[in-house]
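For reference, chains read A, B, C and D in written order, and residue numbers begin at 1 within each chain.
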């Protein structure tokens, strides 16, 4: 896969998504005493995906804190710590395990400001890995971002570029409300510039979608692990004479309706690519929302391409078949443009 | 009970304890009436019979200690310093309520007194207490965090996870178990395989003991001791307060699962009556003085109801407020008030 | 509110939704020794909403079993009991608390058959209450049916009539896979016939939507607590000369696409009424799905009417303002028919 | 160790224990190679060093007892009676795998031997074990349910909830804690405020004790005793087996968090070597007999790999199978096979 998520000039330094995330956390620990990192194996082990490696040695165990296996307990503790004046970054190994902490996130973190009539906010950042592709099977591979995007009181983001991996965190930490960051496990090795030309080092906004590749014939909406695939598909489509406007959603809640409708209003066709399951997934929202706004200019119904409705199977060929692939995106896009459905 | 000299409490302290128990009782008796009158709606959980617990514990705290409680929290809120009028207004759903009317009876909050709710997911606030304790420890204050919960909550996984974290990290948290023997209609014996709750808590390697929760002096003494241990860096402490609720679980509960005789037996141990009687018997207070406390409490609540009822309903236009902070809001704005 | 959910002839015996549910459980306990009921306060207390009242006296504590407060534990135990040959009916007091058991439901109940390559099914029924309207505020009032409808491996139903309350359970118990039954708290008092004319007493199917009131001008899709409101709105609309085809979805997973598209293909307009939050809610799926199938015949974009994106506030006027009301349905329907949006 | 007469085990039993430990070891050594060769993918968690635990416990069970294990379950699966070829095929993702290839290394299942996984949510299968025990009790069988889990799982709320339920309801469940001192990179001391795990479990009012998990006879003896207690209606039992994994947590783990010296010390106590040495020293077995066991095990695994590799990949067309039962499927169809 040869994907570049941003235009890279010769002189630009590149790094990996993993290192960018690491640097972001390190900078946060460095800049603000109130920042702490906690989660399972964030210290000695260095984080399941090695994102926090080296940080406990540098900042000590009080600020980079291993927790026992107790997702509800330590996420709840992070919420309490946020209420108490800290700025916790809590890591949940995988979105599947986050179900154990969902009560805390939905019933507490997302409601505290409201229940208290605005008195108590929860300035918390929750990071978690999402997605399939590593043959981890039915209890480690899901994409439940859409669930989180359903919940008022949360903000939900999915960095899909090295730049966003590097800079979304500081904006999230400055946010007075809980922000959930989804990191797709397949992106950790992604290469790119943390500071691409034209983007000065510093916080990026959390609420806007970005067009990663401009085009006129159809709009492709993707996020997280689907962005590199959609970029690759867009290249293939370009070779076939179809120009796709590729939107990286970035913010899954709130959804940037303006960017979506501006694009679809122009292209009149939209394809949504979602690694989550189809039914009541985020792709349904994008389709419904876009249709509400662009109904009269749409040349075809918004097309959803999502993961097959099956718990992720172990064998590689079945797993790959279950989740949207570059060729699936290309095929769906061509049909949409050429056959109108 | 014995004389003052033996109890370690001064007359003024005793009067304050009696007064506060009475304040809670009167406030809640009125709540029950107002519920019947449909002024209060939703779930309403009364603390009647259990007042000695909140009263004794709160008497031992410093003003800026953090407190978290359950949905049965009117008394805790009142003694933390939230005016009765704000509490009542909250139950009326008015903008002058302590949560701006958004929370109702189960969700009383107050940032100025560091009262962190009014939490209605059983067990859900225990991890929050751990986190608040972690913040105190990390920032380096000498404040403690106090967390009230029912014995029913001890069966929840969140109890287990929270106790383990607090103990591992030696955090300044006081876990106050209000063991009123029932979780809704489920008795302690059918809820916990180990009914000695202090023993259970001790299995997390923390100091834990059990206290008569109907005796306000015992409660206060235990809380003082616990607070001293915690503030001295001794890590978390668990105290079980054995008590009983005289009313049903909530106003929806027909209370079919308790023997009337059992309720009666416990009512004989009414924490207010027994304490007042003792004060009078020992001639530390006169019956008139006791009556006066009731009268003052009634006045407080009368005024509270009036003030609450003068409050406005929030316009529907602002429905979407308080979901996330308004644009431009910085975390500092909230900190200012803590 | 004077709502009749089925045509009721003079001689038909009516009962309440609560009693119908109770009768269903009682019959199941009576008919099949493998059936057990478990949950918080299902015994002595009689169930939070009094549905299981009297059952432990009749069937004993072994079959109607109070559990401690431990949602994950007892739901997991029910899954295990199902694996072990029983047919558990587990009650979770409120959908908000079900978040504590979501790991068990999603990561275990919904995946076990798949992970085991078809060897182990989980014939479990989970009942839970959903919905707002009782001023129970931000931790007791939500409608998360849409989340469950997202999950492959589960079936999700929402009885909205006394008839369905009486008969869906036996079908669910006969199902070899986990079935989640959502009971809207506002429906328990609903009056109606358990056995309406033309419907012989006995199991009803779990997968089909039903037209509760036929019409031609637009399709209204509702489920659970929104069905009575939509019926009332349809009456009001009829009085204003607008005839609504009202679909009670009944099955939230799988969704009966056929019934939806047959209706919308005829009416060319659809309004979805959802007590859940709007974004990434079930209404988004209904809108997207319907649009995919009926795009070329739609006269207007599918309209979604859902709960305001706020944790449910305590005061009655705010709570009522947050959730869709009869007048909101009428207004939305009129606009859709009269103004085309 | 002492002679046979003192151990209570017959020579044939000892040989079987040694043989089974060796079978697990050889199987897993081969897994590691096949992982390196990319024949096995995903997460692979090896049990090497811990074989005495599964071997001793499984030796004490009846054939139709139910077993649940974690993602580190190849050994348990093998000894429950799943052929090595089915296990290997599962790890290859082939249709002849014990889960039809859908599960992989972490999700071995077999209904015919009542092996309920291969569960990879830490702590998540403990409530299942409670439910299986409840089913046995309700149906009235004399089978027990055995649940293996790591010491890390004990911090999870589900441990707490499951132990409480099993104890309250006095269910026939044997909880086997495989305490290998680490949960990924988190040591027991940073995971549990109470590191005496049997003491912790005893707080649920159930019999609980600790055993040397590197000594297969001790393990087997403890398991026999526990099974007898449980089958006799004594309710659940918890046994901690103190053991150690010689390898990293999974093939992804660089194992940075353990001192090499610590690993070495434990390797000195290799359960297979020490037991084999003892058998030879005491002249209960010859070195040749021991070698033969290794050779037979190698042959078993060679054959398994060959048979596994002959298996087919499932066609992508059936991707949606096994999500829900096929139409017309009745629950009875599954029961038949249990």
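Quick notes on this structure:
The rule we apply is simple: a residue touches a chain if its C-beta (ideal position, glycine included) is under 8 Å from a C-beta of that chain, and two chains touch if they have at least 3 such contacts.
Every value quoted in this text rests on a predicted model; they were computed, and no experiment measured them.
Chain centres here are C-alpha means, and the one lying farthest from chain C is D. C-beta contact counts were set side by side for B-C and C-D; C-D has more. Put simply, the C-alpha centre of chain A and that of chain C have 31 angstrom between them. For this pair, chain B with chain C, the centres built from the Cα atoms lie 37 Å apart.
If each chain is reduced to the centroid of its CA atoms, chain A and chain B end up 41 Å from each other.
Multi-chain contact residues of chain C, defined as those touching 2 or more other chains: 68, 70, 72-73, 96-97, 100, 103, 107, 114-115, 137-139, 152-153, 309-311, 313. Residue positions 101-103, 107, 119, 121, 155-158, 160-161, 164, 168, 190-192, 322-323 of chain B each touch two or more of the other chains.
By the touch criterion stated above, chain C contacts chain D in their complex at residues 34, 36, 62-63, 65, 67-68, 70, 72-88, 103-104, 107-108, 112-121, 123, 152-153, 155, 174, 176-177.
Within the complex formed with chain B, the residues of chain C that make contact are 40-41, 43-46, 48, 66, 68-73, 96-97, 100, 134-140, 308-311, 313-318, 321-322.
By the touch rule above, chain D contacts chain A in their complex via residues 41-43, 93-94, 101-104, 106-107, 119-124, 152-153, 155-157, 183-187, 190-192, 253, 256-257, 313-314, 316, 319-320, 322-323. The touching residues of chain B, counted against chain D in their complex, run 155-161, 163-164, 167-168, 190-194, 199-200, 202-206.
Those residues of chain A lying in contact with chain C across their complex are 72, 96-97, 99-100, 102-103, 106-107, 110-111, 114-115, 137-139, 146-147, 149-153, 253, 255, 276-277, 279-285, 287-289, 291-292, 295, 298, 300-304, 309-311, 313.
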